[in-house]
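Here is the structure we will look at.
As written, the chain order gives the labels A, B and C, with residue 1 at the start of each chain.
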């Protein structure tokens, strides 16, 4: 993107993110919400919109939406409503979607994350609940097929304020939101599989201007990479239009990830008249104070809270803390390694092990939530052996490698294969003497002031002891013998 | 039991008496079913009350009841009682059309809660009854499958939208029947056909499996020859349903007992707005006489006022058309029902399927409903109507601080001629003038016969407070013990 | 003054996906004009401070436990489909339109 255009125009971006909630059943009926079933096999009268069918709200879906709202600090309306949103499309079985309109479950709140190394907060307009649509499959021969299995899967729509100013910021916001919903256990947030989907509203205005420009809505953004590319493309497109002195048209555009461009969707003049009215089949939903309090008490420690704990209480670097909190499974694993009240310094060491060794060995960090070759208590034991001086850092790395591949405990490896560090002063002193005697010239130079030679001696001693000598003890004894 | 004795049982005895006879072994459920099926075969060519006669299904269900009783099982409270079902209740495996071409051939894969409960109580469905398309109408002339004729005068309408349900009971083609009432669709045809019909409190009877017309106004309910019959059905039909989020889980009343309780000490309110100009004098005279009868039975008659009554019909048409336009959006030729023969595009599929599938009245209401829900119009129309609806409900709440039950006419006139009002939809809408307000407020209301004018039945309407069905049954039961209007039968 | 004209009726017909003949449009325009004139009476009612009555029953939304119930067996889901292809409902080719759910819900 040309620098001059971005100097001239400020992008204004808001995201509407649909999160599929991980319930067992649909939002308004009891058929399965799981994926991968035969087409139209997860349907019932409500899902197909059969005449006479009626929606009944799934409590788990509301609980999950309330958790999300509380986690981002939204106001949870004590009374909210469902509304009917009307449009015709084959994947929408009733000719309307049951959604929320003027009285959504959650209002306000913000998603907090670190952006460019600083604390950052993106305000939310609202979070509301609605039902997902089915899937249209475009086939050969001038026909399309419809599978209603997905129709009725519960969704939360998270609507941000138009507060984002760059594609990078939008992508980071989306990542932070995904991290959050995974912490809450309300969705797997998988964009590629559609359990998290994103529409972006993008407009440009002259820098310094306060009035918003005309926006375009981008749809069909189905990966983090696409979010960035689609928004950047849209910013370029609108900047080009404005620079030619033309006007941006308010429209919906479909992102084509293969071609790397967006395409205007045919828009009829009436297309956006959704004719909302309160859903008569569902009385107003009440979330009372007791429910709110219980949900609040049930919230896990959230990523940003963990980040603060890691950087302040445990003294971790912002970088390590950021990596650890990125997925709840990593953070849980790390917390299990360090325990409730770790000794000073242990947190940092454990963080190094998790970030540099453990994460290097797993493809999907979320696997840390399940069986891993080195469970947290085994890593804790290894860290403890280092602290006690039983293993040197170098030895420990080798031991860790064997723990991972052989699924063995560090104590087992140390006990059975005498890989433990030698801290016995007599043994170390004997080795030191042997090395000094074998290198009289170097010893002479050291004594004359060439202190750098200490490294040479340590290296020789380590070689002699096959790396098992406790480096701390070696340094002390060498200093004594050479003084 | 002799054929004559069975005929008497079919035409003269209550549903409770029929069920007792079946349970006691004095008559077979199969014989009751055959008796009514025979009458349907003889008389329904003229009346047109059935859209589908399910002879095989009825015989199978009756045989099952008989087998259970033969095996020593007690049999349900409605054991073997043959019913007609308005074709708005979905019935598993039995075509259900709601009187519309758009659902021609639709075989529901599930069963409505109400019909399932009735079947579990031993009732036997004889088939599906004619109705105005999607329950939109007051004369049954809006059925896509032909009109229903009034058994008292076959040149006249039976009322609507549950015209088939009322005509079938009045004509002795079934023991009792099911209908739905959105703005008067049970009470008005009950009045026109000289039978008893109840629109229960909104939510008292489950709507699950009842094809929606206007969801916030749709009330399923029973028709019978007497309040006792209606009470017997209601005790089975009513009650909370986990499949209907708007159903009321409060315990079901003892409606049959209430019919026998007497009405001494009850305060009967006469709302002045329901006795204003525009009513047929013969209807007014009969209703006033009915109320005097209630006073003679020990009720205290008090004047009350429901000041927002003049706004009830406009409010009703705003609410019901908006909701109807939404509820009818699902009929698009994709999942079930009618689909146009050839459509080159999706848009053509929608437009032609819906044009071909819906009759004039649903189209009128779809257009009107979309008109009032459009962005920019909502507050002036639908939103306004829901506020006026609150005022109408408040009127009733206030009136029920001054009385226990209201008594009014059900309709301003007796049954009109076929074709008399079809050209003027507004005149048709005004036939609902006394029935729409209780529907808007969701309060229970019953129509029961209180006289005749020129050989045509006249209905009195009783309106109760929310969940006040037992009070309605107390009044109706006492009234029907003291009068014989409900025992009169048309000759077919 | 008329409250609704044929152009508006045609617009609403598009919105409602209702193919109407010109004769139907003319007739409906006339009928609806009369009906709208009649129902406009509600606009004269003072509703200041009056809450809309959206549900005749005054209780909170009941909630259903998240327990899986049986789905339709075999062909029940598709038995009424006017056109089907294997286990799918079939429609004329869909061209994505604005306002649809293609690509991320609505």
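Just so it is clear, a residue touches a chain if its C-beta (ideal position, glycine included) is under 8 Å from a C-beta of that chain, and two chains touch if they have at least 3 such contacts.
Source: prediction; values computed, not measured.
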item: Of A-C and A-B, pair with higher C-beta contact tally; value: A-C
item: Central subunit by CA centre of mass proxy; value: C
item: Where chain B and chain C are represented by their mean Cα positions, the distance between them in whole Å; value: 25
item: Computed distance of Cα centres, chain B from chain A, in Å; value: 57
item: Interchain centroid distance [CA atoms averaged], chain A/chain C, Å; value: 39
item: Junction residues of chain A - those touching two or more other chains; value: 48, 56-57, 88, 90, 146, 273-275, 280, 282-283
item: Multi-chain contact residues (two or more partners), chain B; value: 106, 109, 216, 242, 245-246, 325, 329, 332, 334-336, 346, 350, 370, 374
item: Contacts with two or more other chains, residues of chain C listed in rising order; value: 15, 17, 52, 54-55, 57, 59, 61-62, 64, 72, 77, 89, 91-95
item: Touch list for chain B against partner chain A, complex; value: 89-90, 96, 98, 103, 106, 108-110, 112, 207-212, 214-216, 242-246, 322-323, 325-326, 328-330, 332, 334-336, 346, 350, 370, 373-375, 378, 382
item: Chain A-touching residues of chain C, taken from the complex the two chains share; value: 11, 14-15, 17, 52, 54-55, 57, 59-72, 77-78, 85-106
item: Interfacial residue positions of chain B with respect to chain C in the complex; value: 105-107, 109, 202-203, 216-217, 242, 245-246, 248, 308, 310-311, 313-315, 317-318, 325, 329, 332-339, 343-352, 354-355, 358, 363-364, 366-368, 370-371, 374, 380-381, 383-391, 393, 425-426, 429, 440-442
item: Chain A to chain C touching residues, read off their complex; value: 18, 23-25, 29-32, 38-44, 48, 56-62, 81, 85, 87-92, 97, 130, 132-133, 136-139, 142-148, 155, 157, 197-199, 219-222, 251-252, 254-255, 265-268, 270-275, 278, 280, 282-286
item: Residues on chain A engaged by chain B in the complex (per definition of touch); value: 45, 48-57, 84, 86, 88, 90, 93-96, 146, 273-277, 280-283
